[in-house]
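Pasting the structures in now, so scroll down.
One chain, subunit A, appears in both complexes that follow, with subunit B as partner in the first and subunit C in the second.
For the complex of A and B:
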């Protein structure tokens, strides 16, 4: 355990945690768009910046990827921090001038106008989608392409990604809603990453359950009976109830 | 049939490159440089092939291929003129050089001439700022370049082709 001071409150936290995690445990509010528990920090959005003081010297760091150390002094709300954070939000707001989530964030932190040239992007290049696919799903189906103003999230060669199982974790984690899932009649589509995968339907009621490749993936990862994969949650519950009733009436 | 033969030969060459680098996935950039030098660009099927052979996700390879200006996913012209537009070269007239090459040889940055002989590309700093403006012609660096000198150099290599 190490002791750090956050906003003049002394707290003791496990070694190797990052400032952001420590602060969150104390319910201290630090905005963070590119951070998610369970994923490696990436330091891309710069929103989580805080001031740290070490042997009398102050500087600003991104709290999501700065590990705590004994005696570290952290301030999350100094004038300097608030001002810089606002500039970052202004930049995000310029890039995503029509995005709901970014507008909400801006409002929460008191940014109403952006002085920078407006764009209508949704993606902020936080990389959560890329990281969840790599670190949790283990597929690494999507990645960044290009550089600088051309950088974007996409599938290799902008073709349907071979590795993608259509699980939608990317869309689930995306903080701005830039990646969207569309379940059609037979297909799941995730247009931003060029994914299109047939859906599997419940063997009892015919409702869509999940994309085919995701089911294959789950079958590989688990050793559950086949039947489970082709039954929707609702029918599973009904079947189970039916069996229970049958059992109790036999007795 | 032809196509198959080509694929096959190509794979041989790639295998050679892979073996040269010890099938080592951490040497991916060097491997891609060799492929780029061999074919003048990074053929899609070759990248898919090395992804499989090195068990490296294609998304990573594609990221690298689109990140560095030294790589190209489209076939380049026979000759390549790369004009630096980094800060130092920019203030010393890099943009004007691009413009004049564009007019002189009828080729847009990022594209090649109709006869496929010349590609024009730009880059953001080659790390030789003191020599700016810098232009690279077929791998050879020309510092303190002027438009007229560059014209002579490019015409020179194009003429050699005609002979």
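For the complex of A and C:
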């Protein structure tokens, strides 16, 4: 364990944790758009900036990827930190001037209007979608393309991604709702990443269960009986209940 | 043939020297870097070969093709040794006369000599003012070296530093020597090289890697290209010494794909170094393996940043990584990695050869040795220059550069590449070293130096660099990506005459957030062009915003052309050339411009022989 001071409060945390995690445990609020527990820090949104002091020297670092050290002093709300963060938020608000989530965040941190030219993007390029796909699902269905102001999230060569299993983790983690899932009659569609995958239907009731490739993926990863994959949650419950009743009536 | 120890190298060297001293042939040295070739040096070479054949001069003359010597302004040029006669701005047709007069006979052709400021003809290269004020420790030997011939490098004392190190020094001693020399990285950051090596040596993990950063993405800068093309072995020797000191067996040179000649020369040099036993197993008889692989980069500016470069070598997208751990501890493939710039590596053999005491006599208290700059822009003598640290900007611009071209006035000098700053006339006495330049709001960078004259609009300059950076950054982090994009929009509206007074504050606020908040040094320095021009040329911003005028007459929306009736002779030249028929007037009577039709192309301004068209 190491001891650090966050906003004059001394806390004891496990080695190798990042400042942000330590602060969150103490319910100290630091905005963090591109960070999620379980994923590698990405350091892209820069909202989690804090001031640190080490042997008398002060500097600004991003708390989501700065590992704690014994004796580290952290200040999360100095004048400089607040000013820098506000400008960054204002820049984000200009990029996503119509996005609800970003508007809410901006308001929370005291930015009501952006003085920069407004655009109507939803994606903030936080990379959560790309990372969850790579680090958790183990696929590289999506990634970034272009550089500088042309950077964007997309599938390789903007073609339907071969690796995508249609699980929707990207959409689930997206902090701004930029990635949307549409379940059609037969297909799951994730337009932002050019993905369209047939759905599998429940063998009992015919309701959609999950995209075909996701089922194949799960079959590979687990050794569960085949039957399970083609039964929806509702029917699984019903089947289970039926069996239970049958069992008890035998007794 | 492998050279197995220092005495074999010494013998080999002495034999080369004896061979050259016995040679009675003259040598024609032709400077053929990318710059020389662009100016027609290949045609000169072909003519020389043809004429030598025709005149049967094989026994009397030898041709040596070298890399760039630096004086790009007067290329193509050649030098005839042993006399050292320098003929410049050549045409293929001049070759015949050169061979007849200066090879077959002993005459000098006046008209091909370099003419100095005062109209004096100068015979020898070394007497030309452009070279005289420089200190060419690295570039000086370029004229003696055919980069495709390792013997030329050895004849210049090459690989003797390596030989000395392997024969007489422990790795720690090498590091100590580099530390004491005060050598600092030439790639931009100015980090003390010896300290970096020491940190890498002390890092516990293996293997360790050394990398030569030859990405050189600054527009208009070609210091590293010049070195790679002209003297690749000096870089290789530096890397081998560094690898020995650090305890590394694997080296990489990351070079941009747009440098085909540099890549070609480096490939040849690497192979020759292997053939001679300077790379590979048991280098010079010592139990030490080291080899170098070349990696070609796609050429984004941001790929020069060390962690982006490492990602790129690993085959990942070239973007900086977000980690607070130095590459000397965890770099390429997570292993300790020491990255140095091309010029830094080339300085290493020099430090060893001279010893730290002599090396550190050159330069200032905190910046030692020489620095290569590519001096370009509105300057008389553009080219690659090498100067001792601490020389003033004024000496560079006026003594070496020969002052501003076309008798214009100096306005600013931009140093440090796209994220450097613009310094005004008042700062011309500034000594050129890492710290002075940073303090003044610019930076040393890797050595780009652009001179600007009175016809340059500083707002437009800032906009140019911001435009470059917004496309060449990686786009990963918010302050840099969105900050550059917002800055570009603001600068654009100012140059178009739609600027608002608050815009200057907005620019400063964005600068502040980018400096504090960006992920890598591209973003933290990217506001320099804006910040420095706001600081030193604020009046130009104000003129654009408040008076809707561009004082330098560059921003199209803000200039107006007008014909002064007292100077106009009514010749009609402007009337004929105007592409939109905005000019009217009868012959021999003063003409006039209809400002509402005028598209500000400036054709009338250029064409008028009587300077009657005014731009304001």
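As a convention for this text, the second predicted complex is superposed on the first by the 251 of 251 C-alpha atoms of A that agree within 3 Å, B and C clash if a C-alpha of one lies under 4 Å from a C-alpha of the other, contacts with A are read in each partner's own complex, and residues count from 1 in each chain.
We adopt the following convention: a residue touches a chain if its C-beta (ideal position, glycine included) is under 8 Å from a C-beta of that chain, and two chains touch if they have at least 3 such contacts.
This is a predicted model, so every value here is computed, not measured.
**Student:** Would you mind checking whether subunit B and subunit C clash or fit side by side on subunit A after the superposition?
**Tutor:** Clash: subunit B and subunit C overlap once superposed on subunit A.
**Student:** Kindly classify A:94 by the partners it touches after superposition: subunit B alone (first), subunit C alone (second), both, or neither?
**Tutor:** After superposing on A, A:94 lies in contact with subunit C but is clear of subunit B.
**Student:** Figure out whether A:198 sits in contact with subunit B (first) or subunit C (second), or with both, or with neither.
**Tutor:** In the superposition, A:198 touches no partner, neither subunit B nor subunit C.
**Student:** Is A:208 touching anything from subunit B or subunit C once the two structures are fitted on A? First, second, both or neither.
**Tutor:** neither
**Student:** Contacts for A:31 in the overlay, against subunit B (first) and subunit C (second): which applies, first, second, both or neither?
**Tutor:** Touch status of A:31: no partner.
**Student:** Counting residues of subunit A touched by each partner, does subunit B or subunit C come out ahead?
**Tutor:** Looking at subunit A, the partner in contact with more of its residues is C.
**Student:** So, does A:162 touch the first partner subunit B, the second partner subunit C, both, or neither?
**Tutor:** first
**Student:** When the two structures are overlaid on chain A, which partner does A:146 contact: first (subunit B), second (subunit C), both, or neither?
**Tutor:** In the superposition, A:146 touches subunit B and subunit C alike.
**Student:** Following superposition on the C-alpha atoms of chain A, which segment of subunit B from the set 2-10, 38-46, 74-82 or 128-136 overlaps subunit C?
**Tutor:** 128-136
**Student:** Return the residues of subunit A at which the contacts from subunit B and from subunit C coincide.
**Tutor:** 143-144, 146-148, 150
**Student:** Could you list, by residue number, the parts of subunit A that touch subunit C in their complex?
**Tutor:** 41-47, 49, 60-62, 65-67, 80, 83-85, 87-88, 91-92, 94-95, 115-117, 124-125, 127, 143-144, 146-151
**Student:** Could you pull out which subunit B residues touch subunit A in their complex?
**Tutor:** For subunit B paired with subunit A, touching residues are 44, 57-63, 66-67, 73, 124.
**Student:** Looking at the complex, which residues from subunit A come into contact with subunit B?
**Tutor:** Against subunit B, subunit A makes touches at 130, 134, 139-148, 150, 155-157, 161-163.
**Student:** Quick one: in the complex, what on subunit C touches subunit A?
**Tutor:** It is residues 300, 302, 317, 319, 322-324, 469-479, 481-486, 489-490, 502, 506, 509-510, 512-513, 516-519 of subunit C that touch subunit A.
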